[in-house]
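Same chain, two partners: chain A is paired with chain B first, then with chain C.
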Partner chain A sequence: MEILIPLTASLVLLLIGYFIGTILEKKHYQSINDREEKFINLPSVTMTYRAASKETDMSKYSKTQLVSGGVVVSIDYFKRFLALLRNFFGGRVSSYETLVDRARREAILRMKEQSSGADMIINVRLETSTISSSAGDSETVDSIEAFAYGTALYK
Partner chain B sequence: MKFSPKKITENVNISRTSPLKEFVCLLGILTFTVMCVYFLLGIAIDFVAPRISSETEKKIISLYSAIDSQSTNSKEERKKEEIFLQNISDRLFTKSRGVAVKPKIVFTEKETVNAFAYPSGEIVFCKGLLTKLNTENEVAFILAHEMGHYGEKHILKQLGRGTILLFITSGLFGVDNSLNSLIVNFLNTTERRFSQKQEQEADLYAIELLFKSYGHANGAISSLEKILEDKKSSNIKHFFSTHPHPGKRIQKLKQAIKKHKLENTDINF
Partner chain C sequence: MLLTNIDIIPNKNIIEHFGLVSGSTVRAKNVGSDILASFKNVIGGELQGYTSLLNEAREEATNRMIQQAQSLGANAIINVRFSTSSVAQGAAEIYVYGTAVLTDS
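Right after this comes the complex of A and B.
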């Protein structure tokens, strides 16, 4: 009978991870969608200054500024476990895809929030790095940092 | 070029698969594969273990006894219970089959109602068990049962299975891995079935040995009845236990005694 204790413990952890993780992810996506709509009129493009100057008259801008936005997101116990299983068989790690997607979009949104009043952001770049505690091998913290930066142009 | 804002409705960067379905599929396949490997290797061990020569078995046993010989070999005086148990054990050993090394009895003052057979060839007998038993036949049954674990090569089989379990879990997933604990738990459940089978084998071995040594197997049933109190407990609980359901265990033993006519009806205890 005592054998059931660790088994149920891990199943409970997985269930908690799954349900709470799903709720939080849905909420985050909702917020991302809402804010993206709010900032839809602020273009953020990968064009360099030189390329942009061919498209538009740069003399109308009085100020340029470096703007950035960063975010660190982690996944739930369930998805981490699922990724572990995926690691074994190989294939698309779909449980990590939403993590990366959320991080990148959130980083761009934060960059846009920082550059309030800007006309456009050019030269946008995205960096991604993983954060995991390599010291303790047993419980690695799987989280991702996404960092977006660009040049905001103000009129 | 004109900038025209457009709302993105379709997210192509994430897969629209159900994570739960994926989880069940992957875990199912993995567990099934590991269980198959474990099961097949287990069969191989069951095949090999009885064919290991007693010389090799002695060598394996000596590996384990070397570790704790220092503590037990010191020439301190043996307790009188220990000598009593050792005498019965020695008597049983002369008639036993398949026991490579003469078991050494270790008596402990623990109040738990239990006895254990160790890979080192030592049978640990707890005080709590001895106080529950009244006759020599009952004590002999317990010792014969533990001896059965050696005679039926259960110790070798379990050492083999332990090695396989270690190999599968640490070899495939690394030493410390959260996947490990889940798989090991699944495997442990099958391990329990295996253990229950062994207990029954040891029971049958014990009554055979009792009959050979004493001419009857009278102590067996009363001995089991005394130590197994919760005869009416649920079957579900015992599915996950290392020992079989007590009621069934006694019933099986009674059947075996009747079948082989091991009971001496003249003597009544």
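Right after this comes the complex of A and C.
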């Protein structure tokens, strides 16, 4: 009987994580796709200034500004459980792939949102860092931070 | 103070280099956002408490870098880079560095 209580608790967490997590992720992807379409005319490239100046005439840009965007995204309970199983069998951990994908795209979008009116963003750099669980278990990664920064060029 | 992460400033000439300037800050998350985050860990999604914490930390580190550059007499910082490292459980170090320069107007 005593063993049933933690078992049902984690089962409930798994179900909550699965259903709400899936809905939230779908919503997030929807909003990412919508906003990416909105910013389709604002290219962000990893080229340096020198490389970019070979492609376009840079003398028309009079103002530059450092822009950045960051986000911390957490994985849900169900996917963490899936990843744990994957650790056992090996192979692609697709549940974590969507996590980093979401975080990076969100960070780039926030950077673009900060640079309204800009013509392009050059020298974009992306950075990712992990935040491990506060429960003292440093093996499992709970959430990741994605941070994007670059130089916005204004006319 | 003009900040860029490219190695020149368009349409301006760099008159003088002052070398490396940097700013850093170590931040720990507070208990409130920690509890919220542990709930959020079940369903996944953005941890807004941590996002704003790291944004504030970056701002502070950048401000410290700018102060250092100002005290040197610079009016711009080029080639700015950000880096993050976790020094302890629940604490993050944000480090910003760049090259302080003086440009003509």
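Assorted remarks:
The rule is short, and it goes like this: the second predicted complex is superposed on the first by the 144 of 155 C-alpha atoms of A that agree within 3 Å, B and C clash if a C-alpha of one lies under 4 Å from a C-alpha of the other, contacts with A are read in each partner's own complex, and residues count from 1 in each chain.
Operating definition for what follows: a contact is a pair of C-beta atoms (placed from the backbone, for glycine too) under 8 Å apart; a residue touches a chain by one contact, two chains touch by 3 or more.
Being a predicted model, the structure only gives us computed values, none of them experimental.
Once chain A is used to superpose the two complexes, chain B occupies space next to chain C without a clash. Once the two structures are overlaid, the count of chain A residues touched is higher for C than for its counterpart among chain B and chain C.
Look at A:81: by the touch rule set out above, it reaches chain B but stays clear of chain C. Residue contacts after overlaying the shared chain place A:58 against chain C, while chain B stays out of touching range.
Residue contacts after overlaying the shared chain place A:101 against chain B, while chain C stays out of touching range. Judged by the touch definition given at the top, the superposed model places A:145 against chain C, while chain B stays out of reach. For the pair chain B and chain C, the model built by superposing on chain A gives 13 Å as the shortest CA-CA distance. Put simply, chain A uses residues 79, 138 to touch chain B in one complex and chain C in the other.
Residues 1, 3-4, 6-7, 10, 18, 36-37, 40-41, 43, 45, 55, 78-79, 81-82, 84-86, 88-89, 92, 94-95, 97-98, 100-101, 120, 137-138 of chain A are the ones that touch chain B when the two sit in their complex. Contact residues of chain C toward chain A in the complex are 2-11, 34, 37-38, 40-47, 50-51, 54-55, 58, 80-86, 89-90, 92. Listed in rising order, the residues of chain B touching chain A in the complex are 1, 3, 5, 7-8, 11, 13-15, 17, 19-20, 22-23, 26-27, 29-30, 173, 176-179, 181-182, 185-186, 188-189, 192, 237, 240-241. Partner chain C is touched in their complex by these residues of chain A: 13, 16-17, 20-21, 24-25, 28, 48-50, 58-59, 61-62, 64-66, 68, 70-77, 79, 99, 106, 122-123, 125, 127, 129-134, 136, 138, 142-143, 145, 147, 149-151, 153.
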